[in-house]
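After this come two complexes, each holding chain A, first together with chain B and then together with chain C.
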Partner chain A sequence: MRRANPIASRPMSTSAITPQSIPLGRRIKRFMADRPLVPLVILLVILVVILQILRPGIVNERWIANTIKFAIPLAILAGCQTMTMLTGGIDLSVGTVATMSAFIMATQIVNQDPAVAFLLAMTPAVLIGLVNGIGVGVFRVHPLIMTLGTSLIGTGCLQVYQRTVIASGAKIPDFLAWLGTGVTWGFPNALLLFVPLAALIVFTLARTGFGRLLYAVGDNERATRLSGVRYWQVITALYIVSSLLAGITGLLYIGLIKAPSLSLAEPLVLPSVAAAVIGGTSIFGGRGGYTGTIVGALILTVLTTLLTILQMPEGARRILFGLIVLFVTAAYLRIVEDR
Partner chain B sequence: MTTSPLLDASGVAKNYGAVAALRNASLSVLPGEVHALMGANGAGKSTLVKILTGAISANAGRILIRGEARDIRSPAAARRAGLLPVYQEPSLIPDLDVLSNLRLTGTPVEPFRAWVRELGIPDLDLRETARDIPLAILRVLDLARALAVEPDVLLLDEMTAALPANLAEKVLEVVRRQGDAGRAVIFISHRFVEIAALCDRATVLRDGETVGVVDIEPGVEERIVELMLGARIVKTKVQPRAAGQNAAPAPARPRIAVRNLRVGSKLSDVSFDLADGEVAGVVALEGQGQDELFAALAGSIKPNGGTIEVDGSQVKFTHPIDAIRSGIAYVPGDRSEALAMQRSVRENIALPFSAALRNWGPIPMRKERDTVLGAIQRLQIDTRAQGEVQRLSGGNQQKVTIARWIAADARTILCFDPTRGIDVGTKQEIYKLLRELAGHGKSVLFYTSELEEVQRVCDRVIVIFNGRLVDIFPVEEADEPALMRAAYGLPRGAKADVGILADPSATSSDSPSPNASDAPEASP
Partner chain C sequence: MNHFLRRQGWVIGLFALLVALFILTKLIQPGYGSGDFGSLARAVLPYAFAVAAQTVVVIAGGIDLSVAAMMALTSVTAASMMAGASEEYALFVVPFVLAMGFVLGALNGLLIVVTRVPDIVVTLAMLFVLQGAALLVLGAPGGGAAEWLKALISGTVPIPGLPDAVDAWLPKALLVLIFCLCVIWIPLRRSRLGLSIYAIGSSELAAFRSGVPVKRTRILAYALSGLFAAFGGLALTMSTGIGAPIPGPYLLASVAAVVLGGVALGGGKGGLLGPIIAVFVLRLVRTDLTLLAIDPNVTAIIEGLIMVAVVMFGAFITMRGRQQ
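Take a look at the complex of A and B:
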């Protein structure tokens, strides 16, 4: 904003020199602030263009379908983070929950009816969500600690469980493989699951009482209490929903990866937090939304591809990834924050 | 008076933006005297104290200590200059034991121990963590810690508040003896009884200015009240309320009946009724228990004793939702307590609608919009910046907090100082709104820190002093001098008599006036 001419920069600058440019700059800022999705989409397009320049011809129909396929599990887990972060929380147990449901599904399907296997797979998700919710909502444990704790407990239980099913082996149900990797008319089948799910999350946040409360609780818990909101109810429901979403992600992810392991979805946890933050959800609560998170997940996925084709050593790639995430988040906040 | 003052502050001014907290305050304290600093709410007492103790710096003024000009920029500088405050809030660090707290401030341990014994606590364990020590004892320890470094000027802010009688007595005794030892004490208190027993002179502040310095002698409390009121004393005629604005005839059963309500040590034995169609005012100096009264009625805190009846049946609130279900809504004085600042006006107004579990589903958007718009129009909220409540002006924010309960159609609204810090136009609108609500048969409990509002808005006034209900005025008698006097615990209509300062038997400041004790339900 500072002008080069020191004489004009005092009282004149507002009236004589800058009436054209500053309002324009402010107008762009206002525009970005009102539509926080725009700068994100621009960033996504820029990343794709860079990719196309570095490796001409890489961006084709197959690549797009593939990118979407890998972005979807990340986007759903980032949805868990978005919703919990709106209340000022976080859910670090999503990786463990996803892994558990995937692993139980793959092992139980061997001897069980698919419906029974599904129910068994979702049981730990509900339990962990309930424990998280009660811990955070009733006993006021910090969400970071609470979900980290249940995550470790869940991993431990899974290791015990693994010994009991070593003999029976594991397989990937055909339906999940179809859903995870299949492509119909150029569209990944996973969209069949993701589009309704995403629509439901967006609708919940914008148009339901529960969604309103998530924002309000994160913004000012005391105000919601004075308005008659029972904090523990909201938080308990929230963490159960978050865990259920994570469980469903696990089933989708095992169909995509096709190799059950005890750390299947663990690498997705921190990127899911990053996707929500890049997507404009405030980690302090009260601010954000799911559409931004979806774009954030796409950005991270494209970024991973980009760094992979650069053929850098793994270490350098990670350093660059971290730097870019930090830079993008800081820049985005500067653009979007009013003033 | 040939002795030169120990502390001499003059022309002290402090502005916060456009608001002048202090215009021209002066305070002169002689060695060996206990000097009272008095003033109504918002007169600038605490600002002056903060300036004297280096917590904030003044915009103008001169502070002489023992005749030397001193620039007190920090609490440490004030300490070096020999000025030491004891604030209302305990200042020991809760997670350290007493001994570590002493070391932190470089307080000598043995004198501290001696003072603690002197102040009536014979068996203090210095290894005890401050967190585990009861509040009353903590305040005494604060005092002992200040005494141990032997300051020239000791500043005591409401020292005896929340102290049990035996401790308070010891404290007053020790403070008195400080004066005899040639040091000076600045004593801030709302209690005339203590001031009479303790102080030599009093400086009275009004609207940020020193309006008088008086010697304490029998009957002086009337003079002090006059000084605190200033010119306002003349315009005290009640204008008769227009017929439509009058309260509906009181029904047989009160809307809310409070009996012997007790909350911790802050509020005890409060009984009153609130009828449908009336605005009942609550007048009290700061921190006399009104916060606890409102919080208990709103379901935010649980009372320790007494009963609350709503529409004739007894209720026990465990969460604000219980009060809201009974139709009682609470509008807190601090707007940041009530609003989700980053959310829209609409969401803030509609917040109570979503509270119950059964309303977590899809929101009927059209119906909600109509309800919210109705409330917005009724309060004439300026919605140009409605995207985020934090962009609204203070007055409009306040309107949103009230609009929420208009939209929710609450039958009783507890308004805690709703006009603090908002512009005059909005104040008028709020007065009008409260009268309208009463006209529609709703009931309003209205705490205000501005006495002139009482006659504009209320049908009758409840006065609370020191945690007790001391008087209930019909609006005709509730002019500012009468309210001010009552708020300081002085008996009603006692102007002709010699005040309680002259009466050595009236040692208890919390003896209620006769009107309150026998007729708590006195209504207009």
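Take a look at the complex of A and C:
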């Protein structure tokens, strides 16, 4: 499901050249570039089959529900990466933002009204998103450095905050626990949140002006600015949206993990980048979409299960994720250069 | 003289800032003495090497995001190799770890040159890989360090011909830092390779057309960065006596110090002295905050804010320069 890139549409018609005149390797490459979802789904199925062979009987209804439950927070965070990567950026503060909102929610719910606690939990997300956006959009700091810096500041703030709430303790709101872990008729309840959210992201990217701006900015920033787009406004809005999504992920994740800690969502950051890259979003901007990212998140979750069964340590997992990011980026670069 | 002043203006200004901060420190804490300066130098040591690693690459027109992870990996490698081993064994460990940093850095450069993926993506991927490797070497903080290595950076060493009062202000850590940097940097700066590094950072195309081997220079710049990062990792192990697989905030600190030190993020400009002074400035600010009895966590926040502000300022300057 390649989404047509409206502003910078590349020549897509293969019909102009007769198929016979193109060598097979090139045709495969072009097919992969045009329909990245097909090889991704095939890869996912292969991974599940391998899993089934290694542990016969593991793939059942409960396993699928569990896999989806764990893939959803990753998929939302990878959504943040997808959107920022479309503009040629990256958001490494999502882990800290998710952790902050989760921790604040769990501690504020003890004395506060749920709505107030929710607003308090979302405040740091908006603030960090705003600072990221201003830093990247106005001051032109590289997004990676900027979001790394804000995540460092956020972690510091969280540590200070933690001491003020040690006495009051923490609890997981029942609603979040239901949303995070509950399963109704075989479907995880988290889908109730995820399906509308994913639909909204896909719709925004494909059909709205904001989505088009993201693709445009990532594809050719100079041209976009010359055609009258206020770059900093787009970027600021983007990073705030990204942070808000990360905050919501935090709330969902605390319902799933049920143990508030200061490094709750940190382990999700690297996989979220990897999921977006695997899903076909170019880290240089202008190419990609959210549907691929969702499949990427599922692939990574199944892969993690596989690695756990193979008793691969955490370190090896990180090495693998790093190599995946490098390999896939290099491969996509080749495909794009080939056109 | 005028020419010198104009060229080194930024570094001189930075040095003045450092002196002003020292005076401020003395005002806050009248008892601030040579011992405190010694611990400052020890704290600066890993940061300074991280900054040196970043500086070389930034001058060559790139950026290395894997600096902190490289330090973590070299640190745990050194710590786990020296744990329970004899003192003499460490004589073998040190060159081994330095060579490892050099090779891994060269791998960074090689991947950038061969895959043609931008440096920022390659070093980000390497950040994941090196972090994972560090976790494989040592799952939790641990290991050990040889006593002579630890002694190498603690206390002072009597230098003949210097009065004790001056000598006390020259802690071993500072001397080690100056020695290591000078031994690598000064010959490099005067060599053909050093000139090539500045050239490819300034304009890759122009350098290529003037016959500079761009690819080889880039690989060597990253290799040198890896070497400096390995020094940083060793410094970490030396000062703490153990190795920790989770890297500290060295990446952001190195970028901030490079910017504050007057090295343009576009490449081709600046030297090593500025960033090193900048590291001292940043660390001294932290010391001052601690002396003012501010909560260490709040100190971390303020430090992060300063670093982000510096990086924003640097990016702003770069943008202005590009527009003109």
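One rule holds in what follows: the second predicted complex is superposed on the first by the 279 of 339 C-alpha atoms of A that agree within 3 Å, B and C clash if a C-alpha of one lies under 4 Å from a C-alpha of the other, contacts with A are read in each partner's own complex, and residues count from 1 in each chain.
The criterion applied here is as follows: a contact is a pair of C-beta atoms (placed from the backbone, for glycine too) under 8 Å apart; a residue touches a chain by one contact, two chains touch by 3 or more.
Values in this document were obtained by computation on a predicted structure and should not be read as measured data.
Participant: Just checking: does A:R212 make contact with chain B only, chain C only, both, or neither of them? Give me first, second, both or neither.
Facilitator: In the superposition, A:R212 contacts chain B only.
Participant: In the overlay, answer first, second, both or neither for which of chain B and chain C A:I283 touches.
Facilitator: Touch partner of A:I283: chain C, not chain B.
Participant: Which partner, chain B or chain C, is in contact with more residues of chain A?
Facilitator: Chain A has more residues touched by C than by the other partner.
Participant: Looking at A:V183 after the superposition, I want to know if it touches chain B, chain C, both of them or none. Which is it: first, second, both, neither?
Facilitator: In the superposed model, A:V183 contacts neither chain B nor chain C.
Participant: Identify the partner contact of A:L44: answer first if only chain B is touched, second if only chain C is, both if each is, neither if none is.
Facilitator: Neither partner.
Participant: Just checking: does A:L244 make contact with chain B only, chain C only, both, or neither of them? Give me first, second, both or neither.
Facilitator: A:L244 contacts neither chain B nor chain C.
Participant: Report for A:G149: first if it touches chain B alone, second if chain C alone, otherwise both or neither.
Facilitator: second
Participant: Is A:V141 touching anything from chain B or chain C once the two structures are fitted on A? First, second, both or neither.
Facilitator: second
Participant: Touching A:L200, do we find chain B (first), chain C (second), both, or neither?
Facilitator: In the superposition, A:L200 contacts neither chain B nor chain C.
Participant: Residue overlap on chain A between the chain B contact set and the chain C contact set?
Facilitator: No residue of chain A touches both chain B and chain C.
Participant: Which of the residues in chain A come into contact with chain C in the complex?
Facilitator: Against chain C, chain A makes touches at 131, 135, 139-142, 144-146, 148-150, 152-153, 155-157, 159-160, 163, 270, 273, 283-284, 313-323, 325-326, 329-330, 333.
Participant: Along chain A, where are the residues that touch chain B in the complex?
Facilitator: 203, 207-210, 212-213, 215-216, 219-220, 222-230, 233, 237, 286-287
Participant: Under the definition above, what is the set of chain C residues touching chain A in their complex?
Facilitator: Those in contact with chain A are residues 63, 65, 111, 115-118, 120-122, 124-129, 131-137, 139, 245, 249, 251-252, 255, 295, 297-298, 300-301, 304-305, 307-308, 311-313, 315-316, 318-319.
Participant: Where on chain B does chain A make contact in their complex?
Facilitator: 298, 300, 319-321, 324-325, 330, 332, 336-343, 347, 350-357, 359-363, 365, 404
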